[in-house]
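Before we start, here is the structure in question, set down as structure tokens.
So that you can tell them apart, the chains are marked A, B, C, D and E in the order they are listed, and the count of residues begins at 1 in each.
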């Protein structure tokens, strides 16, 4: 009971602190902008810890954050190996293949209205194929190692990037296009000097959606066959062994990697589309 | 007529847009002859076809009837020969390029040797009084400066014809006065042929050697006024009786065109 | 001075925006007194603080120094008392409401009884000559008509003060002339106090009883010109010597403010 | 009501592997004991011990290695009955891979089920002294999905199969039995007990629960014995209970016939010798044993004693 | 309507590629089977055949090619096999039958819709909170993004056990997973939408001294509708994927997810492929439905033609 009360207390305190911070005079400082979500996250973790202790939750159902932390600290080399297998091989390679394929198809589709009209709905249909159905097929075709994971990821990220790129390529206004026409510019100069740059904000939108999909795809695909390494393998195996602290340690790594990937893409976006009003 | 050469010559020009609400006669039976070195303004109420006419000259729109030549050839051939620079109503600079980068854009596309770029950019920036802003991005400049940069962009490849569609429409009167003065200087110095669309009577009168008054539905030319003002025009000329007389004639022409709505 | 009441009174008004590039003095030491029934125009180059001043009157911006009262109370109290109607540069009609629906919007928000809505909408639509367009959506109207609808919206709840920020900036000259005429009629009939921002010298001179010339960096008032024109003003008055004299004075005032850039 | 309601968590989807329970349900054996039984099918991501711990089921089916490991993890589960006497687990290999005996596994790729089902394999390899980390002298282990494709596609030389299920599927795919060579865990002396009934230790202090389980085990065993003798009917009952509608009756009847061979030797009571062999195998796990010490109180004969009286 | 011909063209192209791919994809299996059935196959042993690509094998055994289109356990089923299976299970069975895809479609659809309603509701509430409260904006938004990096398939079993321990079973756990996947696009879209009114539109309401509530109903909500619809279309298909994912750890009983799993496990690729396509068709139908509602609503609001 003590723990539960304490949990409520901490929750209230965290919220109050955040209220003060975000409505206070220093609200615009970068440090505060980082502190507010950090406090929010920390509150959740502490409340979780206290709840687990207070209600004596069985660790095979929900482990305490401290034991997850201990796993993170102890199993560094396993986590790193899994990270390399799943993120650096499966997710990243798949992401790059998917993105390149999406650009290629987008540019192809963009050359004719007819193709665009045909490819987008069909692409949408493909994107609706659920991963639990496609992953076993791709594992069957490409084997259990990371290649099939990369393929699953490529399939998953393909559509959001395609749609956004196609939309972006259409985004130039008539005046910008007419300007190119007055220069008697051909297709490729127009593409590289006008349409791709102006499509960049859209493309990054697709690329950012892709980052979280890539990680999830790579992990989930490992459920359907994998070598004995990888984050999805570890999650499923540890879960079967009721080592839930290890499962959560992998989930934390996944969330960190996903957020870092997303953050990195946001950073690149800021650098590349610095000119867009949303970035100024 | 014999001395100066015809640069743009339209004969019975027609253009009908097919829209969902039926055909729109944007241009009907338009005849016009623009000579080398002319500064021609087009004025008229909204929808009278000023933009359309300019776009036909630029081969951005295909006429549905009549004839038009630019530099003696079809507009398409002229466009491919990069015979003109076009300035749009909004500056339309590419926001991801610096001012210098924007001005270099046509040079890159037209394959002007890299070695000449710097010099040309510097020259046109000076013409529009923007030296020193080469490395700024468009949004770091005021609206008037952006518009001047877009004029510099149209000048950079040194076409003989300048087509300008309400280039100063979005600017305030003071800045506009100033740009008008500069444009006149530029025109005098470079001897370019300029076709200029505007909504402002004083602007049209102040700038032009020839004012074309247009009227809508169908879009047509209702009056062509040859200016009697000297080429040398201080801003004060706008308060002279001669200026006011021309302005009055333009206003009358406009009102006549408007009344049949 | 004793007869007409002060409606807006500013004394030493200051407003500084804190931006990433340092502070911007949008208004500095602004003094002004607007009387009941005045038609006051604000003119000046871009960035001189016209909009900011109007927004301060409307309590959309907080001054950082000095004093201002609207109807004798603070702008906030005046806003809460719904003392004014505000017309923005663009019509800004809500696209998902019909013209009638847009005009009803303030009535709904202010809790005007439903039973009065129809009558009021009809009345203001007639004032701006848009009767019959009540059920159209904004995009079915031309730009000029939309702008009139937005004026009708500001009139519907019958506030005594009308604040208008370049309401006709986006329209062509002919339509603009027409709306100017109508606005004058409306002002005469309703005896409202109007504060009107514009970039156009003829517009300012044609409409106003008082012209406030402003200058930027810092934003301040450089001249206040009381118009000697009669209240009754046909469009032709714009070619009268008296009109041109006032216009000249405004232009001079503007140029003076501009030169120190 | 509480005293007569039983929820059973299976460890896989509805199939003849669990025929005894479905038959008992269908034939009214549970009803006759006054029980109201709910059977929860499993799936690839269901860990029956966790469901038990969360209170989602009263009794679970589990392989003994997995259950004992859970016990060491701090989840006190106790075996109350063991309808499967012999293990049905085996490795099925392509003959043309050159494998003739266990020593030939070196350098090969082998498919293994994880999710708590990897323990028997790991124990076996450690007993043989074969590394499972790949390389020339070890085997490369593949986490096997839910189908036999790794073998059919020749991604692996061997895969894990159950005598009653996956092996049949390999044959169904058209493979001739003499193209294959199989290694039954039973024959290798590394057999571990499968598909026992397990409950939470605490519950056994509750006489009402014990009574309920006694009746449950009695009825379930009746179901098992009926199923063994009536494979056709059992297969049909499974098909009736399969909500996916994707199973074929023929396959389920065949599965029942195979399963019958494994359950035949058991009346439900756990034989201590089998238990001890399982524990010893698991403890022998070399550097990475599945369990580290002799489990205490991991099974009880209280229920079966009462049920079989 | 104008899209029909282009779509058909692209579909035809894909079918063409698919038809061609069937040959090399299935060739090895067909060759193995052919040999067992006593046909003459080049080269003669499976191990030797592994040296060849599917295409190479097809060239050496052209007479086996037709067999690749009708193989019982194909790696890649032929389009006509999938179509046949779908036809059988959609039209050929009573819709109450466990063998009917319509039945399984409903099993999947019900939690999808419930989850979608929950997710959308939560998403909208969260978006409103984020737009109106700075603390919410600052503290919740980053975590909403992080939440999407968590592999749900890994979490789903635990969620289901926890819910099960609270006695919640059946439809609801699946719906919860579906809701988890659909709330995010709705939050993102609605935050964008609710913030889409321009400064001028907001200022207008300020000059009327409108309350927050009035501002919400008269401006922010209507302005956000186009964004809402865009999010709903993403959300509904995410919701469907969520349900299908959740169908494995809830005890793969019925529904598209269970069909895919069981089809895969028992060597019936056609069952899996048919369920897979049926799921995508369902998603497409749901998205189509929302597009239609969107068109009608926006048209009524006078926004479609703008």
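Basically, a contact is a pair of C-beta atoms (placed from the backbone, for glycine too) under 8 Å apart; a residue touches a chain by one contact, two chains touch by 3 or more.
Just so we're on the same page, UniProt names per chain: A, E = NitT/TauT family transport system permease protein; B, C = NitT/TauT family transport system ATP-binding protein.
Since we're looking at a predicted model, the values are computed, not measured.
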Starting at subunit A, fewest touch steps before arriving at subunit D: 1
Far-end chain from subunit B, centres as C-alpha averages: D
Central subunit by CA centre of mass proxy: A
Higher-contact pair (C-beta pairs counted), D-E versus A-E: A-E
Intercentroid distance (Cα basis), subunit E paired with subunit A, Å: 18
Whole-Å separation of chain centres (CA-atom averages), subunit C against subunit E: 54
Geometric centre distance via CA averages, subunit D-subunit C, whole Å: 84
Chain centre separation (subunit A, subunit C; CA means) in Å: 50
Shared interface positions of subunit D, touching two or more other chains: 44-45, 47, 50, 53-54, 145-147, 153
Interface hub residues of subunit B, defined as touching at least two other chains: none
Residues within subunit E bordering two or more other chains: 75, 153, 157-158, 161-162, 165, 248, 261, 264
Pairs of chains found to touch, sorted by chain label: A-B, A-D, A-E, B-C, C-E, D-E
Partner subunit C, residues of subunit B touching it in the complex: 45-46, 142-144, 171-175, 199-201, 239, 244, 248, 254, 258
Complex contacts: residues of subunit C adjacent to subunit E: 55, 58-60, 79-80, 82, 84-86, 88, 90, 92, 94-98, 105-106, 108-110, 137-139, 157
List of subunit E residues in touch with subunit A within their complex: 2-3, 5-11, 14, 25, 75-76, 134-135, 137-143, 145-146, 148-155, 157-158, 161-162, 165, 237, 240-241, 244-245, 248, 256-257, 260-261, 264, 272-273, 275-277, 279-281, 283-284, 287
Residues on subunit A engaged by subunit D in the complex (per definition of touch): 58-61, 136, 139-140, 143-144, 222-228, 233, 236-237, 239-243
Touching residues (chain side subunit D, partner subunit A) in the complex: 44-45, 47, 49-50, 53-54, 66, 69-70, 73-75, 114-118, 132, 140-147, 149-150, 153, 155
